[in-house]
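Same chain, two partners: subunit A is paired with subunit B first, then with subunit C.
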Partner chain A sequence: MTTPTDFLLWVRGPGFDIALVVFILGVIIRLLEVLVLGRKHDYSEPRGGELGPGLKTVVTRTLPETGSFKRAPFTVIGGYIWHIGFFISLFLFVPHIELINATLGLSWPGIASNLVDAVAAVTIVTLIAMLFSRLTHPVKRYLSGPEDYLTWLVTFLPMLTGYLAYHRMIDPYPLVLGLHILSVEVLMIVFPFTKLMHAFTFFIARWYNGAMSGRRGVQS
Partner chain B sequence: MADHMKRFRQTLGESLRERGVSRRGFLKYCTATASMMALPPTMVPAVAAALEKAKRPSVIWLSFQECTGCTESITRSHSPSLENLIFDHISLDYHHTLQVASGDAAEAAREAAMHENEGKYLVVVDGSIPLGNPGFSTIAGISNLQMMEETVAGAAAVIAVGSCAAFGGLPQANPNPTGAASVSDIVHDKPVVNVSGCPPIPTVITGVLAHFLTFGSLPELDALGRPMVFYGQSIHDRCYRRPFYDKGLFAETFDDEGARKGWCLYRLGCKGPMAYNACATTKWNQGVSWPVESGHGCLGCSEPDFWDAGGFYNALSIPDSDIIRNAGIVTAAGVALGAAAGALNRSTRAKAAAKHETVTIDDLDRKS
Partner chain C sequence: MSGATLERGLNAFREQMNAPIASFFSSCVNCGMCAEACLFYTETEDPKYTPINKLEPFRRVWEQEYTLWGKLKSMIGLTEPVTDELLAEWEELIYDGCTLCGRCSMVCPVGNDISYMIRRAREGFVAAGYAPEGIKGASRRAVTIGSPMGVKLPALQAQIKHVEADTGLTIPIDVEGADYMALLSSMEIMNFPEYLEALGRIFKQAGVSWTISSEAFEATNSGIQIGSSDIARVLVSRVVSAAEKLKVKYVISPECGHAYTAIRWEGPNLIGRPYDFKVVHILELLDELRASGRIKTEGTEEDRLTFHDPCQIVRKGGVLEQPRNLLEMVTSDYVDMTDHREMNWCCGGGGGVSANERAEELRIKVFKRKKSQLDELNVDTLVTACANCRLIIEEGLEEYRMEMPVVGLTEVIAEHLVEDKE
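Moving on to the complex of A and B:
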């Protein structure tokens, strides 16, 4: 008899192992490829240091540039809301912290579950609004390819299934919890092969931008 | 025997009166039963009328690969409760733990009950059925499978009591040495009600029987064949510690401040969110307490595979495998492969640079 519990046990057992292998292998290989290749040696005489501006740019690029904020406030604000909401849902919900504690031995206090619930609801609505904007705005639509829609979907599904699981909107619970974990596994597997890698590579890109500008003695 | 036959013909109402149960006591029981079955108060007179007139149905209780915990649960239902009396007022014609007769006499009682009540009797099964080898579990030389198939053939319905009968339970736990199967794995042509739990709450078992007596039919079942009225909601949803879960207040160990203050036991492995049962409302031992109230998380014993569903003290969200070890191996492999890929890219770049031919203005002039 295949029951929802069997499904949950599979996604929490072999399914998770498969996703973990693909995720870690993929991310490390891609990062090392970038780092080992390095950049072309710059023979020019340096006009400034690389370290300070490099580190500074990693931080300062987190803030929106005034020009793009004025041109596309919805994209900028929406992007902030859903990224922050995603991180709050991921890292401050106690069942997630338990998972990280069991995996990495790191633990920190969570926040009230119903607060996470409210944040998750806002995040889900924002993600839908962002997709709507992507589909209706002619320039965004023109710039979007299949990968953009795929990455939206694999990011959206864990939020949606997590919300459904928390509110127990699908019965029985092992089924909806299993679907939630499965959606995260899909995200983990897709992650290294798509632009989702920016979660790791943005440090490198910003560092290079800042460091190169610093070397030339210009503001980054 | 004459007395037995008289009792057999008695209605439940007559029998209860004979035992000194007042009308008021009887109606209180009917009200409790109606509310337990989620029926509106207007249905109480109907329940009372039906129970009053109900004839004692014959019940054959088959115990297979089990620990007798389910029988213990029933017999320790707070005696002398009305539930107990109800139990007295079914005709329990065969139950090899409780009956006086043994050997051939016991088997004869079972066969007699089957013939006298052909098509009308209820079969209660507790324990799983070994399919690996018929010799793994036998009663009076008859294999469990054969006895069940024989007995179920003329039954009105089958009630699988306990998680072993309902889902295979502990005997079916990995690596399932006896090839244990649940009742519903084997019985397909009769209605099967799963009354899961390890053991199930006594009231839940008697409640299902009361439903059968009242309506002559079996209650509404969930996807796993369990009565919705008892298994319709999760422990988590009915738990009195739920507000602490919502507020993010958790006990971290069994004797920390949180545990003393009665905070949520999720982090200590409570399986309440995935367990569907009536413990949180019905409670145990005359409504004295239940596992979560006593400070221990729910084991999820009413769910399939609860024995294999991860450590009892691991939070529900934790994967079962050794993640740190797996992640370590994969990280090492990733570093090796990444370094190799990086080295390959570097060598490709170096080769491209070596092949690069420098072109001067003179060369271009010559070519044009």
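Moving on to the complex of A and C:
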């Protein structure tokens, strides 16, 4: 890896393969770690079903409860903006779709690059604001440990390097593109070992919450 | 509670670990939203009362023993172990600073049922010897005497005599083959005997075949509050044996929140089998009697009224519609609090907090949440359906110099009951 091009070739080739294997195996292991624990049979007479209310909670928990939203609007709105912005940048940017198509053979229409650019800018600013909030809000500051800041960083870097690469703000281009891909690989490797796993486990958590409540006749 | 050690506590944590708990811990991103749903945080603004933070010792056991990454981190010394010091420090958070009200479980964006986790985490705390003296004492009395408040059969018999003398009713005791077996909470026996009178009158009018067991009349279950399945099982088993001995079809859970959780939802799992009888909450039964026309009421309350939803009966119990159906019969100026039904705010005394003298100052402080809910409404009377909520609210109102009667819903129905003349 002597030149930026060598670097780019490595992160696109072996680097990406390593990250992908760690990501997929890691996520599978983490999900199995949760699911194999199971839960005991419940002998109490149910008042309602589990499946329906569980699935409903998976969907409805996406919207905040009114009272807590009013008390913490920044956390809720900021959370929406950056999650949505992140997914738009990841899945609706045409070069990303082309990459996914080349790898998995799946394709869907993207949106205009300058629109993704604007979304990315908003997402980056929101992520910085979220970090600021984590450092200053009494509850978030109290709860946060190194893992919270690490996960913020590995989420932020792909956004930042993507933005820098798109605007060619670092020369030469293969270097900044390589850095962008590398940052995504870091995210993929860190993902299974941290609370980034919530992106998968929240389905399970919401389902259990809704199911256990639904059994008692309450939609949670 | 004897022989409590850290090792036993850790084992209890391990016994409580399951897929829901692991999915909850895996999903938490420390967003802090649960704090905004918890009266212990909103009224103190102390971040240590953030619901998910109360689970730190349990979380460490999960991370270090149930995740590959946590095991690796432990091997190289990157994790902090659960120690006696940690449990001692967290005891106040998990017992004094949580009523198991379950409001946080309704708002967590990733869906964590935090109160479910706290109920389970308490098993570890009590096994390690870290539980408040007040709840330990209540649990001891419940196991040895039969009531957390030390109420024995003669005390109940005395109250029954009073009720019978006042009303001319007969309160049936140990009637084999009755349809329903009614349970009472110690608080109802000692502080609110009007509940018993109301039952007698309503059941007589509706022609309900019922009885009280002299062997198991106590509905409360300190084991559920302290978080000891062993104690909870002993207490539930008494009720189950008595009900099966009397061959009743139903057991009636009284106006007591956690008693309902104990007998309705946890009981069968504690004894490891379904019951031979069904459990109904008194409000469910009254609503059935209303719907089938077996009880009728006349007149309505003149006061402006609101209803305090007991957490364990409503949010955690699923008795949602019945209280309002019943209130509709007997009120003309009824108003709900802004947050009500499954989003109601706790009185601050559930989950064993009321039995924990050490927590009194904090409990009074967090009552400000209920106070401000009531201040918004300008009501004359508060109705509820839990003797514990009732006592806690009465104390809170007194502390904040608010004049407002607090009454049980069953009594309100009895007051308006249309009774046949003898």
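Basically, the second predicted complex is superposed on the first by the 219 of 220 C-alpha atoms of A that agree within 3 Å, B and C clash if a C-alpha of one lies under 4 Å from a C-alpha of the other, contacts with A are read in each partner's own complex, and residues count from 1 in each chain.
Quick note on the criterion: a contact is a pair of C-beta atoms (placed from the backbone, for glycine too) under 8 Å apart; a residue touches a chain by one contact, two chains touch by 3 or more.
Keep in mind it's a predicted model, so treat the numbers as computed, not measured.
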Superposed partners subunit B and subunit C on subunit A - clash or fit: fit
Which superposed partner A:112 touches (first subunit B, second subunit C, both, neither): first
Contacts of A:61 with subunit B and subunit C, given as first, second, both or neither: second
Partner chain in contact with A:37 - subunit B first, subunit C second, else both or neither: both
Included angle at subunit A between vectors to subunit C and subunit B, based on C-alpha centres and rounded to the nearest 10 degrees: 170
Which of subunit B and subunit C A:29 touches, first, second, both or neither: both
First, second, both or neither for A:177, with subunit B first and subunit C second: first
Subunit A residues touched - subunit C or subunit B, whichever exceeds: C
Partner chain in contact with A:17 - subunit B first, subunit C second, else both or neither: first
Which superposed partner A:95 touches (first subunit B, second subunit C, both, neither): first
Where subunit B and subunit C come nearest after superposition, their Cα distance in Å: 7
Residues on subunit A lying within both footprints (that of subunit B and that of subunit C): 29-30, 33, 35-37
Interface residues, subunit B side, partner subunit A - complex: 167-168, 182, 184-185, 222-224, 234, 236-237, 245-248, 250, 266-267, 273-274, 276, 303-306, 308-310, 314-321, 323-324, 326-327, 330-331, 333-335, 337-339, 341-343, 345-346, 349
Of all residues in subunit A, those that touch subunit B in their complex: 1, 3-6, 8-9, 12-13, 16-17, 20-21, 24-25, 27-33, 35-37, 94-96, 98-99, 102-105, 109-115, 168, 171-174, 177
Touching residues (chain side subunit A, partner subunit C) in the complex: 29-30, 33-40, 42-45, 47-48, 57-58, 61-62, 64-65, 67-68, 71-72, 75-76, 79, 137-144, 148, 151, 192-195, 197-198, 201-202, 204-210, 212-213, 216-220
Of all residues in subunit C, those that touch subunit A in their complex: 17-24, 26-33, 35-37, 41-42, 45, 47-48, 50, 52-53, 66-69, 105-113, 116, 264-269, 272-275, 278-279, 314-318, 320, 338-339, 342-343
